[in-house]
Every structure is written in C-alpha cells, then in structure tokens.
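Here is the structure we will look at, set down as structure tokens.
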C-alpha cells in the first residue's frame, strides 16, 4: 500500500530524487508476451526530457533507460519490469544558497513539515524530475494498450490563457509547446519567452484523449474510471484541476443538453454527443475519453519573492538554477503516461468478469 | 482491494442498491475511544435525505441508521463500525416501463456493458442513493476530525450558472439550495423550479473547505493529498471536475502571482495568499484547504430523449419516477463526507512518522 | 487496506462482535450472473453454528443469514453482497464477573494493550463467533468455484492426538467431530467428553483439500498461492500452524524422494507423487491442493487458572459461560471458507493473463 | 496491489531474475531520519550470498548493493529506498540443456502454465536468488526495529532430521549450517555432504525469534500478526510449513497446559509460559515471538529424475549447474528478513492508534 505505488493489478512503484543516483520504476502486472524494446521507452522519455528547446530547462539529461528485469528476449514474462534512469547533469551546488530557505510554490516547507528532514538538492523527491519514472512506466502501458487497440494522446490546449484553435494531431510534436495548432503554438511560445525575460513563468491546460476504449471499463463505486483518472492525473506535480468531458462547463448546462442520446451505429450502441467525456456512471461508454488537467505556472522564477528561512526568519529569494518557464509541454507526456497506466489497470481488471 | 472500498488505514466499504433491502457501510480503522452516537450520524444523513424540500426528490426515505458493531457503550473500540440504512419507500414499479431502455446520462448502458446484467430498479447500485452510505461514514470521519480540531464544511457555490455573492456560513443550512448567500439562494431556487417545470434539470458547483488541518498531511508521490481528494470526490456520481485552490484559473496566472509567499505568523509559518488551496507539492500547508467539484445536471428529466433498447432498437424515453431537478444541494454533504474520510486517513497515516 | 478485509479482486470485509447486534460481511468482486440462494449460505452456516451436538457450545444461535445487496432475482450482479447474521442468544451477564480479569489464552489482555479499550462481552470482536461471517462469505466463494469445477472439502485429521485412520468423505458430516473415519470419530468424541468432564479442553488438526484446481494459480513472489493460503488460515483464531503437502515432514525428506516427477497423463502434464501439496514455486500444479492447520485447545476451561486483573492484581479465574471443549469440528468449515475465498481470488486474478 | 509487493505502511517491492541484469527492491514507508549505511545492508547480504562454504552453491556472487535513492547523507528521508544488486556470475549456458525440460520440484512447469512463457536461465524470477532483494530490504527493516529496541534473530533448528541440542546464540555464525549448537552443527554438515556425494539434497527447519516486541502489535481479524508472519514466511521459496509457539504440538495439548497464565512482573503484565509464541488472538503479548519454518530439500539434484519436456514427451533429467545441497543455512537470513519487514509494518501501523 505504498504511496509511491499506483494501480491495482497493473501497478507501478517509483523511486528517485532529482540529484540522487537516478530515478526508476517497477512495473508489475505487465501481461506476459508483450513485445517491448528500450527504444519504445526511450521515445517517450525523449518527449519529456529537458534541454531540447529554448522554452524548457537547459539541464542536459539524456534520460537513458535500462530495463533491469521482466524481459526474456524481446518479450515480457509477466514478472516485474524494473526501469532505471541514471541522473547525469546534477549541479547540487546551485541549491546550496537556498538550503535553508523555503521556495514559494515548492514543496520545501511541506516536506519539512511532514518528514522533519528534506533533501534540498533540486527539490529531492518533490522535483518534477520524478515524472521521468512515470513516463517510462507509461511507455510500457502504451505498448499493452496498443495490443488492445487503445490509443492515448495528449496535447497542450492552453498556455498563459492562449487557447488552441483548430486541432491537427500532426502538428503536436512539431512545435516546442506541443500545440496541435501552428498559429497558437507561435503565440504560446512568444508568451513563454516574454515571461522568462521578465523573470516569471506561466501555466496552462493539457488535454488527453483515449480512443479505442471498449465500453465497460472502470469499477463502481469508488474506483470509477474518472475517479481513478483524477487520482492519477492530480498526483502529477503542478496539476490543480482535472475535468472529464464537459467538466466544469457541464455544471452550467441543462440536462436536456448535457445528456448524451444513445443510437445504434451499425450494431454498436453509441452516443451522438459526448458531454460525459466517454465515462458515464464511472464506466467507459466506448466513446472517446476526454480529460483536461490544469497546470499552475512553474514556481521557480527569478523575480524576488518573500519567504522565510527554516527557522522562520523573514527573507527574500531569487531562484537561479535551471528551470522551465512553462512546464506544460513537458507535462503532456506525463499526463498521457498516467492515463495509460490507469487504462491498462482497468482493462486487465475487467478481464476477471466473464460468463 | 475492493472497488467498493476507499482509504488506506481509515477505510470504508459500502454496499447496497436503490431498491434493495438497504444501504450500508463498514468503517474500519476508526481510532478506539471516540464518542459517537446514532444522532451524530443521523444529523448528516438528514442533510442528504430526499423529500425535505420542493427542489429535491419527493421519495420519502427516513434514512434511519443502525450501528451494528464497533461500539462499546458510547465509544468506539477500534474494531469496524457497520452502519445499516434500510430502504423504505421503494416503488420499483415506476421503473418497469424502462427496464429495457437505456436512460441517457445514466449508467444503465455502461453497467450492462460491464456486467452483462443490471438491476434496473431505480438504478440499482449506480443510484445516487448509494451516497447515503458515504454520508454515514463521513459522519464518523467528522467525529474523528473534531478530536483533531479539523473541520470540513461545504456549500453550493453555483447552480445553473448563478454564483454565490457573499459567503455567510450561517445561511447555508437555512435555504434549500445550501447557498451561503441568501440572495443567490433565492435565484437558484427559482431557476431550479423553472427547469423542473420545463421538464428539465440543472447542475452546479460545490465548494468544500477544511480548516484546522496541520501541515504535513498527504503522501508523495501518488498519494498526494490533492490526488486522494480528487479520487474521493470524482467518485461521487455526477461529478465531472475537481479543482483545488486556484484550480483551472491558476493555469492563467503568472508564477509571481500564483506562488504563495511564506511569512512568520507568531512562530507559525504561514502563506500570505492561498492560491495552492492549502496543498503544496501534494502535502498540506496548514492553510485552509479549498476544493471545488463540478456537478452535471441530473440526468433524469421528463422531456423526451432519444435512446435505444437493450437490443439496440431506436426508442424515445420520458422519465417519470421521483427525481431531483438539481442534485447539487444534496451533493454538498456527500462531498463533505468524502473529504472528511480522506482527511482522517491522512491524519492517521501521518502518525506513523515519528522520531 | 482494512485489516478486516481479505483478498485482492475477490475481497471480503467483516464486522461484528459476539454480543453486539450481529455479524456480517461484504463480499466484493463476485462475478456477475452467479446463482446464489440464502439456502446455499445457510447450509454452510449450519455446519459452523453452535448448539448442535454435545461436544459443542450450548449457546443457541440460529445464525440466520440475510442477503442485503448484490443480487437481482437469483443472480449476482457484480456489485457487493452484504450478508447479515443477527445475534440472538447473548447472555452478556455471564461475563460480568470477568470484565476486569484477563482470561489466559484469550485476547483480553492483547486487545487492551492494543486499543486501550475492550468489549468484554463474550470476547467482543476476538470471539470465535467472528468466523460466522467468514463462513457466510466462504459459501459465496464455493458457489463461484463450483462454476469453475473446483471443490474445497475439509475434515478433522486429528483431535487430542487421535488420528484419522481411513478416509471416507461420506462419513464426515455424519459424526459430531467431522472425522472421515467412524472409528476414530468415536474415540475423539470420548476424549473430548473426558476433557470436558475434567474442566479442560483439547485441540487438533484440520485438513482441507482443493480438487479440480487448474495449474497456474497463485502469483510470484509474495502472493504465492501457499503464502495466501497460510495468511488466510493462520488468521483464524486458534490456528497456530499451517502446512502444505509434505509440510514439516518434508523437511526430513531427501530431494530424490520429495521431488514430484512429471508424467504425461493423456495429454495433461501431471506429477506421480504430490509431496508439494499441489503447489510448486507458489503456483498450483493442477494436482490436489492439501493443507493442514493446527488448532490449539479451546482457552475457555473451567479449571482454575492463574491470571491478573486489568490493574495488575494477582487473581484466579474459573471460566463458566458456554464454551466448546474442542473447537476443531466447528473450525473445519471455517478453514474451508478461508481456502475457498483465497482460491476464488486467485482464479479471478489469473483471468487477467491472456494473449 | 502488486504481487511482488509486501506490507501495508512499510512495503517492499522486488524485481529481478537469477540470470538477468540484477535484483532489487524498493522499500517504502521507511521512517525519516533513520541512520542506514551500505555496510548495514551488505552485512546481511553477505550472510545469504552463495559461494562462502562447501555446503552452499559455488556460484560466486559478491552481491554488492547500491542504494539508489531515499537517503540524504547518512539518513533516510521518508521517501523510498531503492536497492540494486547486479548479477555478476551468470552462466546461462548451464541451463541450455534443460530449457525444454521441466525440472521436478522447480517452478518450471507452473510458470509455464501460468504465463505461457518462461525465462529458463537459472529459474528466472522463481530462483532462490530472488531472496537477495528480501534480505536487502530486511536489513533496512532491522535498522528501523533497532531504534524500537526490537531484535530479530534466526538459526537452523534442524537439518536432515538432526535437531539442535543446546542453544548458544554465539555459535550461529561460526559454523556453515547456522546451528546454535556446535555438536549438531558438525553432524548436520556431515549429513549434507553425504547427500551431496550421493547426488541428493536435504531440508530442515529454521527458527526465528523476535525479542523486545511490545504488546499490541498485529490487527484483528485478517491481519493478525501470526497471519502476516505466515504469509511473509510461506512466500519464501522452499517453505512448506509455518508454525508459531507450540505450533502443531499445541494441537495435542490440553487447554490447562497450553494456556499461558498471566502474572505481574514488577508492573509489567507477562505470561509465565509462552506456548502461544508471543502472539495471542493475533496480537503480540510482549513475550518473545517464536516462529518455525519447514524448508523442503533443494529440488536441484544430480540423481536422474523422471520428467517431461515442454511438449509432454517423457524424459529423464540430471541437474548439473551450481546448487546448494541444503538451502537451510542460507534461508535463515531470509526468514529473519521477512519477519523483520512484517514487524516494522506492524510497529508503524500501531502508531496510528492514540488517544
């Protein structure tokens, strides 16, 4: 019942700190016989890693993954996969000056309050770098889903208040902000650079969809599919809100508009609208699952901020180090990973129900 | 690892259907020696029960609770409390006409897709009536929290797009919509009645706050306090979005505005703003926890809707029976209950960390 | 993660005390569509209930079970079954005299040490009466197993050092000690009566077998089938040892004798001996699973015993009340129940593994 | 809910195969501030590692451990410790000849039946080598227990039917069989060598005690301390039986003899005998906890054995490779590790119960 574990029959357990030896994850419950390669995992890690554009942190981490166990030749055996990513570019010295200061918006104070001890080097376990392990596990999950015909895809829906216009999935990986819309991508990029120049940071919204999902996934009553997804996605650092389908907007609809009418689509029961975002009564309808996550602006900014020292003395802090002025583009693969992990769990769990 | 269970060291397991014998819950992990009475639980159930106003369902359920176990005299013993609520006013006949129809917005189709069998009487396990068990368990949780000086309070923040103006906690239980603002309460009530008259329904937003919470609750990395709360609240039927503190609005802020500066408040470290909603890095800061849940409009409406039969034939449906034109006011105590349950779990779990 | 729960995808959560309102269990993860009747459950409860022979407690408990949820007509729906058994024949007055005394061999002292409070009426939650809920849940498990062609059967292997000779399954329910051997049954009965007359009690060994189990059940490495069975059975009050197959005797064998050779039995791979008791490397081999549990003598005896009061004063105790001079025959259905619950869990969990 | 995880608030999750990259474990729930060094862990691993005596496998594995995370300086931070042990001396070629044969007594067949795929190199995940990760985690557990004044110690009680005479804890690590009795140690060693010479193997019994344990640990009803210990220890490969205190022998005692009388030992309530093995009603009494585990003879023997190939053809097998003629001495630290892990879990869980 580790708090560093997620999932019931497909479960991931992560470890590692920003400036320790490395990060990793044990992925248990992978069905036997799944073809997985280091390249499959590396591809996803490369989407998350820093230092690849001028709107992300300049820290240079190759994030090379090693598969330590669970494979026999190219296939999984049903035993746990352990994935290890060594840290390479740690400059703990950058953090010496703030070891006794609580950075606003960071977990420095709350970790101290919880544990009475804190690894101040790069945020330790609370660093966003922790999500590399999630992405590695998510890559495994995506391979399992692929065998089921299920696909998880994400993109940036909004940055600094700038929304996506038209959605072209082919654009997403072609711009540094992961916008599916070339136009808005440019505006978002500019806005991020402006914030950076002003010593500030911005936030945004990530959208992830799941296609090919059969009806019937998710469990009443506490493990509803949307509840599990909310847990999964809200556990990502920086996420302050999660919504499914119509989400907060559905609170302003009338029932006659919100309800998704059923129809028979050549023998398959479908709904003609999808306000419920593919999940009704906590169980998948078979339509596209639509989820959005609100990401707050990066807390590390170079503008001066009021704070206190560990012993409560008033202080000011200006954060140097290497940081992302907007974390949203790098959060996209992390949300995808958490959604994929959740979906595999539900797929495998549903298999227990048969005539 | 029951999907009808929630919580780690304080855990609740529920059962029951809308038109079966009754509903109930086993509450395990209650600390020994807590004073609890039937009245404590009944008070909360009375806040959720139907038939108390003309904006709620006319079904007459007294929702009388019986404590079956876990008490010795007036105190808990540390063994599981079992709470039972018998159903009294079931009219399954109301549902005969729709037993082969899938009601839009309801879990009829998805339960069938999942289980291949469905209790069509009043929605069975998928009925909102299931939440009575949550409220009963939440009442126990509130008693435990009371001993810790922690208070969980909720209200209606918005109904049918009508927002609360000023917040007066004294008003909440004085109006049928649980608005903390007399003025907006009247408007909300009118809007609900208008929708009902038009055979329609409306949704809204519930806000819950937790005061008196110490810093340090919640667990990195997957069991962050906000992740657990999101899981807990998103598992309530009808909830399509959950946000903490600034929530989706924080995605549009700059870091310099969003970050909550620390200051020393007479020896206690506090933040001068609370955009993070009392949770930073997944761990409580000691400030007020603020959570909002979006509730979609009640799916049961009397306007005709397009649907299909179980065997896929096109059909129209008009839902009679007894329903709430707006479930939001009755969801308030349910969200409170789920938040309270989550908080107790985190409080007890934190006790394991000591020198 | 309730300590009053057992199982992963098929999980039972129990409640209730010896002299409270009653006992019960929520059984979750029951596959949908299983035919279950009150009679199916009652039959198993009747095998465990007291007052049916002169070697068991004279307490008269009909142990009538009510199914509160999870059924639609005669079939399960996939939602949790709640089963309730009301206490009828409670004479808490019997216990007044010992409310401040710790009974040797009972959990009186350890519960006090754990919880700081104790329900002294009939042992409260620590009473053997708690196992009624297990048997009720086990009856549900047996129905699920029946659909899989798996059968769980138990008997008394030894009482007061008297071992069973030949095994005739037809004899088991025909004698009050549940011996499969008429001869030894008579001796055992006499020995129990002798102990009772002398104010004393005796123990014994229960054996349970599982037939029809496919190979492949159980999970490496911590949830090996034998590990789960040991957990399940050792959690029954009074059990002090569990062994599988050759058990402790296998520690004295040589490998050449112990190892079970494989052979091809008409296309099915089998072993010609079964020293491993149907479980090899923690996973079922497809042969009969054989488990034995050692049950210590009933702690309630009328002979005087040395003890202390709650405040540590030296005292003597003579236990009156209504007790079993030998609990072994009534433990047989309890061990069967725990084995059946474990097997269903493993069967359902194995379904997640497919091509 | 990984089957490769064990524990509730102190939980370990392991990975790795005999002939893969290595083995490892994530230890979560370690309290913050505990002093732990690589040497602390290495010391325990050295007790388990092969190649150190002529009664153990000649495979040369240094079993060097690396701590990948969870430490800040010399102290734990409360975040997960990941421990990695690289495999060094793998000779998978040794296994080529048996890749299509099922070795009797090994998990070859059952893994194939379960997963449909099998890593035949050295037994893969089913190898006893898996226990290195347990021992590493157990070393962490022992450090936590040390801070609580709790000590876990084990020894060989019996090998090949030869029992220990007198118990001298100072002798245990001085002889290759881990007997606390010099005399029997010599006999055991001779008997092992005789079996080896004859191409055979032997088994035995391990005893582990826990001293300094406070009363009150363990949880009613399914997570009784003895049930958790039985689960923990029975999950070790080769263990076929577990007993507590009087164990199977208690089944032959009368209640008047078995019951442990209470007395007041200078203000502390104690029992004058300890037939219950320090656990009564599933909860620790404060007396020494006594547990025994039966270990079957090593399945790898060089004598010819009957078996079948993967496709069911009759065959004979003679196992070469490098094996232990008696695994018992190396199982001692493994049982200690599992007991220590279980005890920490119970200690931390008990902290949640306060006034």
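As written, the chain order gives the labels A, B, C and D, with residue 1 at the start of each chain.
In the analysis below, a residue touches a chain if its C-beta (ideal position, glycine included) is under 8 Å from a C-beta of that chain, and two chains touch if they have at least 3 such contacts.
Values in this document were obtained by computation on a predicted structure and should not be read as measured data.
Colleague: B-D or C-D: which has the larger count of contacting C-beta pairs?
Modeller: Result: the pair with more contacts is C-D.
Colleague: Which chain maximises the distance between its CA centroid and that of chain D?
Modeller: It is B.
Colleague: Where the centres are mean C-alpha positions, what is the separation of chain B from chain C, in Å?
Modeller: 38
Colleague: Centroid from C-alpha atoms only, then distance chain B to chain D, rounded to Å. What do you get?
Modeller: One centre to the other, that is 45 Å.
Colleague: Determine the centre-to-centre distance between chain C and chain D, using the mean Cα coordinates as centres, and give it in whole Å.
Modeller: That gives a centre separation of 26 Å.
Colleague: What positions in chain C touch 2 or more of the other chains?
Modeller: Expected reply: 1, 3-5, 8-9, 14, 29, 32-33, 78-79, 114-116, 125, 220, 353, 355.
Colleague: In the complex formed with chain C, which residues of chain B make contact?
Modeller: Chain B residues touching chain C: 1-5, 7-9, 11, 13-17, 20-24, 26, 28-29, 32-33, 66-72, 75, 77-82, 84, 114-119, 124-125.
Colleague: Tell me, which parts of chain D touch chain B in their complex?
Modeller: Per the stated touch rule, the residues are 1, 8-9, 29, 31-33, 78-79, 220, 348-349, 351-355.
Colleague: Spell out the part of chain B that touches chain A in their complex, as residue ranges.
Modeller: Against chain A, chain B makes touches at 1, 3-6, 8, 14, 102, 104-107, 109-111, 113-116, 125-126, 130, 158, 160-161, 195, 199-205, 214-224, 226-235, 237, 239-248, 250-256, 258-264, 267, 269, 271-272, 275-277, 280-286, 294-301, 303, 305-308, 312-314, 350, 353, 355.
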